[in-house]
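Below is one structure; the comments refer to it alone.
Order of writing sets the labels: A, B, C and D. Residues in every chain begin at 1.
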Amino acid sequence: MKKNIVDLQGKLNALLHSYRDSFVEGAVADYIPALASVEPDFAGIAVATIDGKTVGAGDYQHAFSIQSISKIFGLVMAMNRLGDSLWQRVRMEPSGQPFNSIIQLEWEKGIPRNPVINAGALLVADVLTSHYSASKLAFLGFVRKLANNEDIRVDLDVYQSEFTHGNRNAALAYLMKSFGNIEAEIPDVLSHYFTQCSIAMSCEQLAQSLLFLANKGIDPLTKQVICSPKDAHRVNAILSTSGMYDQSGEFAFSVGLPAKSGVGGGLIAIVPNYGVICTWSPPLNSFGNSVVGMKLVEGIAEELGLSIYH
Amino acid sequence: MKKNIVDLQGKLNALLHSYRDSFVEGAVADYIPALASVEPDFAGIAVATIDGKTVGAGDYQHAFSIQSISKIFGLVMAMNRLGDSLWQRVRMEPSGQPFNSIIQLEWEKGIPRNPVINAGALLVADVLTSHYSASKLAFLGFVRKLANNEDIRVDLDVYQSEFTHGNRNAALAYLMKSFGNIEAEIPDVLSHYFTQCSIAMSCEQLAQSLLFLANKGIDPLTKQVICSPKDAHRVNAILSTSGMYDQSGEFAFSVGLPAKSGVGGGLIAIVPNYGVICTWSPPLNSFGNSVVGMKLVEGIAEELGLSIYH
Amino acid sequence: MKKNIVDLQGKLNALLHSYRDSFVEGAVADYIPALASVEPDFAGIAVATIDGKTVGAGDYQHAFSIQSISKIFGLVMAMNRLGDSLWQRVRMEPSGQPFNSIIQLEWEKGIPRNPVINAGALLVADVLTSHYSASKLAFLGFVRKLANNEDIRVDLDVYQSEFTHGNRNAALAYLMKSFGNIEAEIPDVLSHYFTQCSIAMSCEQLAQSLLFLANKGIDPLTKQVICSPKDAHRVNAILSTSGMYDQSGEFAFSVGLPAKSGVGGGLIAIVPNYGVICTWSPPLNSFGNSVVGMKLVEGIAEELGLSIYH
Amino acid sequence: MKKNIVDLQGKLNALLHSYRDSFVEGAVADYIPALASVEPDFAGIAVATIDGKTVGAGDYQHAFSIQSISKIFGLVMAMNRLGDSLWQRVRMEPSGQPFNSIIQLEWEKGIPRNPVINAGALLVADVLTSHYSASKLAFLGFVRKLANNEDIRVDLDVYQSEFTHGNRNAALAYLMKSFGNIEAEIPDVLSHYFTQCSIAMSCEQLAQSLLFLANKGIDPLTKQVICSPKDAHRVNAILSTSGMYDQSGEFAFSVGLPAKSGVGGGLIAIVPNYGVICTWSPPLNSFGNSVVGMKLVEGIAEELGLSIYH
């Protein structure tokens, strides 16, 4: 790879200038009121590198609802806690289905296809709820440690909104429970899941907090081991095949980085041995991915030659 | 990446010694008689590198039926011929379904999920049949050029056997035609498809012939441009998310290389900027992938640190 | 039709003697402990006719858990309460799927295929919960009135057992709610549904209570209008195409009567202008229908020439 | 039942007058050119009774393409030829799917749900092709005998058109063959199937030719045994649960007669012990059933109290 970063700041500024207005092609998530009311024209990008630098442009320090990006943190916690037995309860295959499909969950008898579709993330939430005495606090503590920031918090408006509109997630959870694949009580599992989805973070914080995935499991700033090198590899593999919902193949095809998006408009991409890119722009395409975010990540990956498939 | 290749020959020998007997866990493909009669205890591995060397162990010079590995050659030919309009007729998403699923093809109205499941490969066969006056000869010529070997040929027993047992592929093709996504006559498309599946090549020949995918589209030996750097990237992305049938996610998770398997027992893995690994051992697991082949590729990838997700 | 009933009592005795031992081909429902503990060798049959007579054999006066047969009572109550607007929330098509399928509910965007599969019965339970101040009491009152028996009651052991093992029904209900097709709170809907399923009645009571369906909506004993002639017709039509789960077509083919089975081992068949047959034998076949019950109803229908398709 | 037929001719005239203009709500089948060119405002109705009378109104003597109504004739021929072993190759359950669904056929491993969806009718065509030396002639002979009319013929324009646009039927047939459930060569099976679909008959001819189904298998005019009473029952049962495509439940609910429609705009309904109704009006609703035909049959069934569910 040839990450010739002469003027990263200049490139980020230029990319943001080129693409920030394409947000009009998408639509802000409207399944919960708390997200529907976000201004559509926010746009930010941050790049954190494993040598300890972070560069950003636009609204890269403005906190937003991380939503499904939280699935990465939960997955790492569950891998650390359960070890390989986790993979008896959730697979690691792309789904070929929308993120919240209940059909596939029925076919596969309550075993979610992977931990970054909703069913899989609910399974992970069950693991955390069952194995921590206070899983929400533990989750928030883990994120704060990774971001090295004690001010990160849960947006309670979003949390309430999620709960009020969480019937499909409840259906997924009860279906898994009917197959014996959920241990805790469903309301507790949902409460944990909606809590982690409702955490608010900025591009800068997200990029920094995920650097361990670009660095074989070690936080490059604190040198702490966050997970094993093998598990960092596994998370990157899962994000590469499944992180962008039913557009994961297209993202691999056109960009070529492990990535995860959230319906709050956030998008993170891991660049092994280099760093993490995080973008934020609320309007989403029909797959649930940020329109501007995808263009920004594609642009920076192409300019810097970051793809893992070259 | 740290491909410290002090003694590649020694490593290949050791790996083959360790794993060649695990073939008893699998079963030779029996859907056509010509494949069912292959001896199960063949085993070979070859590694070709972009600096022009090839190392092999076991039966690495013995020709076998390449089957679905041929989908790579067809895809590159069709990309070269059609350009980006190809992607209006086939997608690039993992399927989340068995390789020969007709259900998904119906849901998605005759547009295959990707070019390396059967439906997608039949679509590619239609492109070649429609755009070449003699598509089978053109295909064989392309493979011979890549392998730099004029002796590569079609196994006519396998071809006949495929045709006799090709009813499911016929069903897939007619269903696509009913949606208007096949141009040529179905018997011609099937004849082309079964021809390319019936080509016989050795591990050594396959590894060498695919080096351009590890080298941004350029054949490192002849310096010929086989495809654009972008298309080499795209093929590698598709192989990463979809190349190992419905075990693609697990292969990414445990190995981490773009790869393609065939029911003849072959398996190729692309290592960008390094080379190509090819293995052969006929017995398959329930997903249709070679049992021994997967262990060999995992072993060599781990020893040499080849994964793209680190 | 030629219902030549010279000696109905003799026929019932003979049929019961012929078939009661074939219960060993089936298996008692085991999805809830309270049903799994029922003795498998109970067997009874009752025939109530619109001229006011009831004849029975075997354990025809022994109460059992009516389970899905309760869906008929609920459907009639909801039709009476909502009128034709009910059919905007549930269809009347056979499902072609197991009784508790969640896949079809997803495809059809939360609109159940018919009111006698679980999803449809939960929809009906929602209607009753939302439109009655005390829906469980109203339901029990309706059944007691039809059976002319104030002693009919809910089996609380079965009710508790249903609730503990009701995760799949909860999943169906939450999925419908996510599509906006459930008005009440899910726990209330489930509580109503499990209550009606847990009612205990005998063959004699069930046969008598459903006579209005054989008599154009009028209870032949009390002359009360239970529903309109059109709605009696509609219920019989739904039971004919969908009442025997995914064996409804076979039941029409071999017997030819509107019918409904329950996993408690009960089975009722409506004979228009004649009466109602009710059988009970707990062991079920793989479709969830009573093995002995189907043989008994087929036998009596054939002997008396009761089929509606002749 | 109270088939008080004082003035059947008057009723038919009145119904036709009331409903014939509602054809504008539908659309003439356009999947093949030969059907798409039919004038939409044809409308006819005929009622043939087992006492030997036939009454008609409108275009009831004008021949049209019988299409799927031919499935009844084929089914009876196959039942007569194979006996009960037919039911090991095709089931008798409603499908819960569109008439040409390939998804269900895949799920159920090549066993069609019933003989009146396309897959099932192709299976029946295979039986006839395999068991008659000249199945097309035998079929035409059978229909001519039933209609007592040697002039009935195949519309060759329609036949050619079917073949040119028969790719989905070919897909269904090849899929069944891949499961080993088709014996003959697919082109022969398709040729038989398209031949029988392309027969042209009038309402009057169709109504008279199917009287045996209303008369326990015996042609009331010639007293010939066409099929056993049991098989007449079975055909009526299948038509009741599955004859009107994915609107069969609604037709039972609102009309209540065994029936079969064809995309040529024909519709027949069997009234056990009474006779046969046949209507023709080309424009179809979204389920593929004639808009005017359904209204006419509903009207006559209601006026004469013909439903089997009362």
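One rule holds for everything that comes next: contacts are C-beta pairs under 8 Å (C-beta built on N, C-alpha and C of every residue); 3 or more make two chains touch, one makes a residue touch a chain.
Predicted, not measured: the structure shown is a model, and the values here were computed from it.
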item	value
Minimal step count in the chain contact network, subunit A to subunit C	1
Chain copies touching (subunit A, subunit B) - same or different residues, decided at half shared	same
Farthest chain (mean CA position) relative to subunit C	B
Centroid distance [mean C-alpha coordinates] between subunit D and subunit B, Å	48
Interchain centroid distance [CA atoms averaged], subunit C/subunit D, Å	32
Centroid spacing, where centroids are CA-atom means, of subunit A and subunit D in whole angstrom	55
Interface hub residues of subunit A, defined as touching at least two other chains	none
In contact (per the touch rule at the top): chain pairs	A-B, A-C, B-D, C-D
Residues on subunit B engaged by subunit D in the complex (per definition of touch)	101-103, 106-107, 167-168, 170-175, 177-178, 186
Touching residues (chain side subunit C, partner subunit D) in the complex	91-97, 104, 113-114, 216, 229, 232-234, 236-238, 240-242, 246-250, 252-253, 256, 258, 272-273, 307-310
